[in-house]
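Two complexes, one shared chain (chain A), two partners (chain B, chain C).
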Partner chain A sequence: MSRSRLRSTAVAGAAMLAVVGLLGACGGAGPAGAARAAGEPVYGGTLTYLEHQPPTCLYLPAAGFYPNGGILNQITDKLTWQNPETLEIEPWIATRWEVSEDATSYTFHLRDGVTFSDGTPLDAEAVAANFDVYGLGDEKLKLPVAEFVNNYERSEVVDRLTVRFHFAKPSPGFLQGTSVIGAGLVSKKTISLPYEEQCQLKNIAGSGPFTVRHQVVDKEVRLAAREDYDWAPPSSEHQGRAYLDEIKIIVTPEDNVRVGALTSGQADFVRYVQAYDEETVKSAGFTIYAEPTRGVNNGLYLRPGNSILKDPDVRQALLAGTDAREVVDTLFTPSYPVATSVLSHLAQGYVDLSPRLAHDPDKANALLDKAGWARGADGVREKDGRKLRLGVFVAGPQPLSKQTLELIGQQWAELGVKLEIRPADAGTQAVDIKDAEKTPLQHSMVGRADQDVIKSHFHSENRDAILSDDEKLDRLLAEQSAEPDVAARNAKVGEIQRYVIDQAYAIPLFEEPQVYGGAPHVHGIAFEAVARPWFYATWKS
Partner chain B sequence: MTRYVMFRAGQAVLVLWAAFTAAYVLLRLLPGDSILIKFQNPELGLSPQQIAEIRAHYDGGASALATYLDTLSGFLRGSLGYSIDTGTPVTERLAEALPETAKLASAGFGLAVLIAVAIAFAAASSRSSWIRGALLSVPSLFVSVPVFWLGILLIQVFSFRLGLVPVIGGSAAQQLILPVLTLAVPISAPIAQVLARAVDQVRAQPFVPVVAAKGASRQWILWRHVARNATLPALTMAGLVFGELIAGSVVTETVFGRNGIGRLTEQAVNAQDTPVMLAVVVLAAVVFVLVNLVVDLLYPVLDPRLKAAP
Partner chain C sequence: MNRVGLGLAAAWLVIAVALLWAVVPGLFTGYDPIAGVPAEKLRPPGGPHLFGTDPVGRDLFARVVHGSAHSLSGAFTAVAVGLLLGTLLGVLAGSAGGLADDAIMRLVDVLLSVPGLLLALTVIILLGPGTVNVAIAVGVGSVAAFARLTRSEVVRVRRTDYVEAAFGSGGRYPAVLWRHVLPNSLGPVVALAALQFGLAILAISTLGFLGYGAEPPTPEWGLLIAEGRNYLATSWWLTTLPGAVVVAVVLAAGRISRSIGKDTP
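The block that comes next holds the complex of A and B.
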């Protein structure tokens, strides 16, 4: 019944809003302000969303890659919802849960009546099947374990709508783990497919507010609203089906084509607006969304296994000799806050260490002199006939990585340190990145809104950014990860940040955001805690 | 004639085999491989041992020569293997990408020929040496324009400023206009240059004054006599610019976000997706060989003097 009525309301609403918009423009009111106060949401319409890269493998634990997450966040739901404002874990598919005292068992009570897009029910068995794979992997199907589940032992289907998970060790990070992008729930049929098939979008059946309508590989994905969707997180203001009828995700690799298409009205929303394009977007009356990623900051990570960097004085010197403020002021915008610790100031357990990150070239030079590196004829320091030369790869996923490294290279040249910047050739990088001698520095970051993010980045069994041989660091990270008490856990995270800076394993640069641009007629864009867009309550006026 | 065709076909097979083998060897010599690139993704959190197991699953630990022969026989049977990056059969990916590039390249080539003919003959029929000089310097300008820059410029002006053609959305035909133009401009340049020079050479031949003495007009001579004789070198050139069509489509497809062979190549190179790269090289070689074979077989049709020759 309501479809046609909704439509006519939509048209009337749109016409009214157009008038308001015109008046606003005449009066010279700020368009961003006008967009916020745009009135009642309307149903219908297609959102054209331009992506920077094509999606790769869509197996859910690999959803961290933003082009993958931008699709999967629309077509899957999670057990829990992490409120991006408060970072609290709120109900979603699980209406409530119990966690054992020592955080080794979790019981989730599921919402009734939820179905996957292939028609099968989202029940305890399906959830158990999902997490068995995410927690243990599947050798036969070649499915790897997910990064966000640690110490997983087994699942237990208590009844049709109750599922319990057991862990070998206390795992306080698991509750947040059920809310992350990679923990999207898929049907039992999907989760029992081999890796290669779970990689393909056409095989992914989720329970999200949108379903896949059409895909042209590497070019375009069209998502359609699911009419019977009725299980949004209870804390969402909007309930029922999504406002939009359709989302068209189009891969547009060229930066200035994305921005030009947005400002000329050919697209509604774009991902990855470069820092130097932000002003163009804003001055055209469009909105910049710079969303924090709440994790380990964009920075250089120093490998103590390298024969030059094994000397803590050299690492301290590089930390003191790097001017992160200059990097941000020269290359970036206020959307990229200067780092004040290893973690983003919005990360859980963050402590402010800015006094210890101050730029101090005198200290840097003194430390290098003390370490026995003397300036050679060409200005580059030497010791025992060896030049103070360090190599780093340009980081493909990091914004303006090459320019950032070039600027730091200039800062270091004044200290007498030569930074060798290598292009990100995938093959060479894959071989050399795990070799501290060939790659003494890594330029990277990780986003995730949980204390465990620091473990993901530094632990020798996770991403291992510094190719750690530091047993103390591994121990601290493991203790943090197994601490059920939140206050004690945050204190541990603070201790780790201090330790990493004490040891100068990291030169934090800035808090890396995901920067999106949106047209003034697009409203209700939401983001999950690590800046992937959620178009459920999005509407166009 | 049959012997000539047989000879050329044999030559083509040899060229294809050489292209396949050279590409195969070079791709194997590259550092790293797609399995490492794909599975070392830190988000998957695999240990080096697990990666080694995955690799064993892919190549089964066979010797280099055995894998080479296996891949070669696969190509002969039309089975090009699986893309390591996406897990789909390579033939499927080519089948998706090929029609897109075929449309772009054929329309781009057609337009390039039109532009070239227009420039060469406008210059030839012009009586003012100033206009003639200006027209003949256009190809030099065209050939020095970077495709990437031209694409961006056309998008900025015609789509974003003037709003004449949408780049995002729009019908299939609308989506072709700007990429075709981008591709055609640099391709037209060498054809136009060769054609213009050939026109000059043919006009200097003794039969031209004879035809003129019989009362033929300037235009009649140009179109009926000179044009026909001047197409041969231009045709050779057209066969050769095919390589530039492929190179141009890599850039054009990336700028315009089209999913064709060019984009596929770019992605395969980034991910070092060896089976896809190998297939693209062989495909390019096949088309190159075919185009040049067609050009050679067209010579006798255009010029009766060549009929008896080989």
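The block that comes next holds the complex of A and C.
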């Protein structure tokens, strides 16, 4: 009796495997033959977009998180448009602007006739209200300051369509700051809501080409095209309303399901195609969009406040003992270039430091010996009875973080360093990640197409990845951020990168892209400078 | 009869092999379960790698073999916790009767009304993740089942003539419990323990799958399955083979439990 039941289970299992195999085969044969028939764009249709994670708080300055950005980029416009190829700042809601010589005052002239989705006009007052919050925060409403605005002092409404911003110190990053995802403009009503309410999608009234039609929290968001939209960036080929009627964003956490839905035709576009799935998507005749994020590279960030890592020799040893090339070759694809500096090679102010990042286990061992860490019986180094053990959290947003850390742990084991990998548990992580003693290493990255990105990552008042106690680093970052001359600013960014590597605060691994997969019948996908999709000119054939 | 014997022998064989894996893993595999060769990543089963290799180039068979120590010792701990606490509560309730019985059994009712996995997760959040804590959490979840079964047996045995006779001949309460009641109530409880062993492996694997078990890169069966599922489309062996091992061990434990249950009246 139990034997026969077992047998039938086995048969069913085998049949299921066979079906899976067949599906795979179909995927390989089907759409590959269909040539990309571009032709004339057509209006209408629904784009089904599968997102890896549910959006969190949608307060605009927090839009850096990709699931948030994927929605907010469709429903808000910005003052300026950063051309993702040239990284030039081009007009959008602001038709032109003047910047004072020392970059302490910016005057923007706005386009006439732009309205928010709640019907109120997008005028100088609305823009001023937005940036007063982004630049100064609002304690009463619990709204934090945005990281893309530095040294902000006040706004001035010159006339209905002219607004001027004043800065206490030079703020050369501000012009680019007006183009980033977090600088999306929202109606005066939205910006005057308290933080918890601005977090909710239903309260966000932007002026973008789409509006929110329906939301099932943590599951699905439906966006509808705005019929009267007529203020795309002048450099956009397409003008007027968006081609698509509707965008359906469905949260699909399981990697297999996203890729399977794409290749089987249930979805048109998916975010976060894992490295090991790229081949599956490509061989099915679909398109991989690997978009650079132009910021601080994916890497391990070493916290000098930790009692083991306060010794620069130990930090240098870990840097020399990590083989980023092996990580990329083993786990990733050519979409993930090996890091050659703290910053991506497409970032502004990048300097090539690859000779300093070479893998050199002999040097690493020598440095650890010199620092007084001797190998113990179990192969792990010890000093004064203390093991050389360092903890790190698996980083949820980073691709294949766990495998990456396991591989690095393997490399470090050869040096006699034990890497303790802790699976992400939101509760514990939220507390321990701010404690250098408990979490000496952080696995992270930041994307933004401006020199200020390095400040966002390292400054003790911004993201503070290394829980910095280094006044020199903070000073360099602040100087960079206040330098009006582009060449001098880039030189400063170069100096900071050298300093970070000199101090071995970072072990850069690779330049993290955002990898999307698209069906062959989807055309006109565009991305902002940091790889968030923009579906305004997207159409389906 | 012969067929039944064969099935039972196979079940014992599976358990024996799994135990040997846990005790002397070196006999079965020469590969390091933690350090892999990155160049040999994602090799299909066969050749030098019986179960293939994972994305970091580690031998999957070695990881399954070495993982059995964590999974099986976890299951043993879980069953031990459940068995000891549960039997203690059951014997107390069954022999004392009255108010103590009511109090203990209502407590057991409360435990039973909370889904096992939820209870285990609650305990883990309190204790913190880790192999031992996971085992304790799973064990706490099975206390109620053991307590109920033990109580029912104790209530039955308590009324038998020989127990009355033991009391009549001047036996002290704990001594009678220990010498007469407990040994005669334990048969079904041992069968339940064998069954719980299989369930504990599953529960521990489930918690490992959810990320509460051993710290990576330590191999653990549930973790192996969880890690492999993203590669299901491209590298089937990463989930299928460890999954098959878990299924085999759990089925074998169930089969053995049934045979124990049958032998005892």
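Criterion: the second predicted complex is superposed on the first by the 504 of 541 C-alpha atoms of A that agree within 3 Å, B and C clash if a C-alpha of one lies under 4 Å from a C-alpha of the other, contacts with A are read in each partner's own complex, and residues count from 1 in each chain.
The rule we apply is simple: contacts are C-beta pairs under 8 Å (C-beta built on N, C-alpha and C of every residue); 3 or more make two chains touch, one makes a residue touch a chain.
Source: prediction; values computed, not measured.
A.B. asks: Quick check on the superposed pair: does A:Ala374 touch chain B, chain C, both, or neither? Answer first, second, both or neither.
C.D. replies: neither
A.B. asks: Would you mind checking which one, chain B or chain C, touches more residues on chain A?
C.D. replies: Tallying touched residues of chain A, the top partner is B.
A.B. asks: Looking at A:Ala413 after the superposition, I want to know if it touches chain B, chain C, both of them or none. Which is it: first, second, both, neither?
C.D. replies: After superposition on chain A, A:Ala413 lies in contact with chain C alone.
A.B. asks: Based on the superposed arrangement, let me know which partner A:Asn256 touches: chain B (first), chain C (second), both, or neither?
C.D. replies: both
A.B. asks: Go through the superposed model and pick first if A:Ile421 touches only chain B, second if only chain C, both, or neither.
C.D. replies: A:Ile421 contacts chain C only, not chain B.
A.B. asks: Where does A:Ala168 make contact in the superposed view: on chain B (first), on chain C (second), on both, or on neither?
C.D. replies: The answer is neither, since A:Ala168 touches no partner chain.
A.B. asks: Taking the stated contact definition, name every residue in chain A that is touched by chain B in one complex and by chain C in the other, in rising order.
C.D. replies: Residues 256, 260, 427-428, which sit in both footprints.
A.B. asks: Contact residues on chain B for chain A in the complex?
C.D. replies: Against chain A, the touching part of chain B is residues 30-33, 36-46, 48, 50, 54, 57, 82, 85-88, 93, 96, 152, 155-156, 159-161, 163, 166-169, 254-259, 263-264, 267, 270-272.
A.B. asks: Please name which positions on chain A make contact with chain B in the complex.
C.D. replies: Listed in rising order, the residues are 48, 50, 54, 56-57, 61-62, 64-65, 142, 144-147, 182, 195-197, 199-200, 216-219, 248, 250-254, 256-257, 260-261, 263-264, 266-267, 426-431, 433-434, 461-464.
A.B. asks: Mind listing the chain C positions that touch chain A in their complex?
C.D. replies: Touch list, chain C to chain A: 3, 7, 34-36, 38-39, 41, 55-57, 125, 128-129, 211-212, 215-217, 227, 229-234, 236, 251, 255.
A.B. asks: Which residues of chain A touch chain C once you look at their complex with the stated criterion?
C.D. replies: For chain A paired with chain C, touching residues are 2-3, 6, 17, 20, 24, 255-256, 259-260, 274, 276-277, 279-280, 326, 329-331, 394, 400, 402-403, 405-407, 409-410, 413, 420-425, 427-428.
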